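These notes concern the structure reproduced below.
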Amino acid sequence: MAAKKMAIIATKGALDMAYPPLILASTAAALGWEVQVFFTFYGLQLLRKDLSGIAISPIGNPAMPMPVPMPVVVSMLPGMEAMATSMMKAKMKKKGVASLEELRTVCLEADVKFIACQMTVDLFDFQKSDFVDGIEYGGAATFLGFAGQTDVCLFI
Amino acid sequence: MAAKKMAIIATKGALDMAYPPLILASTAAALGWEVQVFFTFYGLQLLRKDLSGIAISPIGNPAMPMPVPMPVVVSMLPGMEAMATSMMKAKMKKKGVASLEELRTVCLEADVKFIACQMTVDLFDFQKSDFVDGIEYGGAATFLGFAGQTDVCLFI
Amino acid sequence: MAAKKMAIIATKGALDMAYPPLILASTAAALGWEVQVFFTFYGLQLLRKDLSGIAISPIGNPAMPMPVPMPVVVSMLPGMEAMATSMMKAKMKKKGVASLEELRTVCLEADVKFIACQMTVDLFDFQKSDFVDGIEYGGAATFLGFAGQTDVCLFI
């Protein structure tokens, strides 16, 4: 039986939604699937060498479980975004959740193909030197060629 | 002809994005499809027995149709999140849209399989007693096994 | 070989997430794929004749590349949403990215089928006269009938 194939379009760059593409891609690769991830829009943030700027915002997200209920006006005070980010990171570390960097390395070592959307790279003036090695650059048309053959294709 | 299959990864827990997984799952089940929904990240909020805390935020969402145009600074005043939530719920009720609880019951009665992401349950310290009965617990690997056989697989 | 098929559920109406459904649909149509887009929730905003109200919010989106780092409290000042929107539009124009109107026209001319979700039209009191010509109205059940036959189905 041929290996299953999965394509992911990763468009988000905040800490919470940065996890799903990397968790799903690394899990599928571990199952022997062929996986490609197309990073576009804010998803390009996940290809930066330095991921320390990946943050999470408690604002406009009433579904985020918080240690204490936080009124909207409090969540907007200076420093709250940084605080929410470090709280989330500490919680993940304590619970043994792999870091984004670790998951990304697992993906690359398992031959998950990472493709940076050339159009968004140009639009946001990203530099190729900002990104990790081992990735490719391409457009939606090339990616759809692969996506059309997959068993699972997700827009995240 | 074999029944169609659909897999949904439900990651959002705000009022607006809580609807799509439940509407699509119940509709597909009504068509005779085999459906599994994997609830992860904020999506776990949809499995709580008590859904009254599901809210909607007008902040950072310029696309939300509002009865009156609302400047960003107003949308951040204390109570506006609760107000937007109750306005949306009232509108849905008036228009005959089923509640989240009703749609969830329809899904469970139609044998839609609900799976709570064990990793997120642990991460956010959810208690199994918080959740409705009749659900399973699992991980991404198991879910991908089903997803790889589906006709439609959506990340919401 | 039969043409590939793609189904897109377009649920977002902000400037950034308005692009992916239209870019993917027009690209797939150019490759000869049969494409249907189901516009629901905020995605209905993309069917309005006048798209000038489509905006982007810097609030609650720490992943948005900004010309200058902007504290959350600043991003909430009156006028910042309009400023972020016009900055993004100016950047896209300068970089040669097609406008939403142009991409939408390309889709319609390439026989991409646009379907407005009747339930959301009713819920948000949209008027058919608000929308562009050449679209259809339907529900989730009909759309799933097509989605179940596709090679790629995305929830955006």
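Read from first to last, the chains carry the letters A, B and C; within each, the first residue is number 1.
Assume contacts are C-beta pairs under 8 Å (C-beta built on N, C-alpha and C of every residue); 3 or more make two chains touch, one makes a residue touch a chain.
Just so we're clear, the structure is a prediction, and the values are computed from it rather than from any experiment.
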Next item on the list: Between chain A and chain C, two touching copies, which fits better, same or different residues at the interface, with half of the numbers shared as the threshold?
Entry: different
Next item on the list: Superimpose the Cα atoms of chain B on the matching ones in chain C and note the rotation angle, 0 to 180, in steps of 5 degrees.
Entry: 120
Note to self: Centroid from C-alpha atoms only, then distance chain A to chain C, rounded to Å. What do you get?
What the structure shows: 21
Next item on the list: Mark out which residues of chain A touch at least two other chains, giving numbers and ranges.
Entry: 59-61, 76, 153-155
Item checked: Interfacial residue positions of chain C with respect to chain A in the complex -> 4, 6, 16-17, 19-20, 23-24, 27-28, 30-31, 33, 59-65, 71-73, 76, 91-92, 95, 97, 151-156
Next item on the list: Can you check the complex and tell me which residues of chain C touch chain B?
Entry: 7, 9, 11-14, 40-42, 45, 54-57, 59-61, 76-78, 80-81, 85, 119, 122-126, 139-141, 144-145, 147-150, 153-155
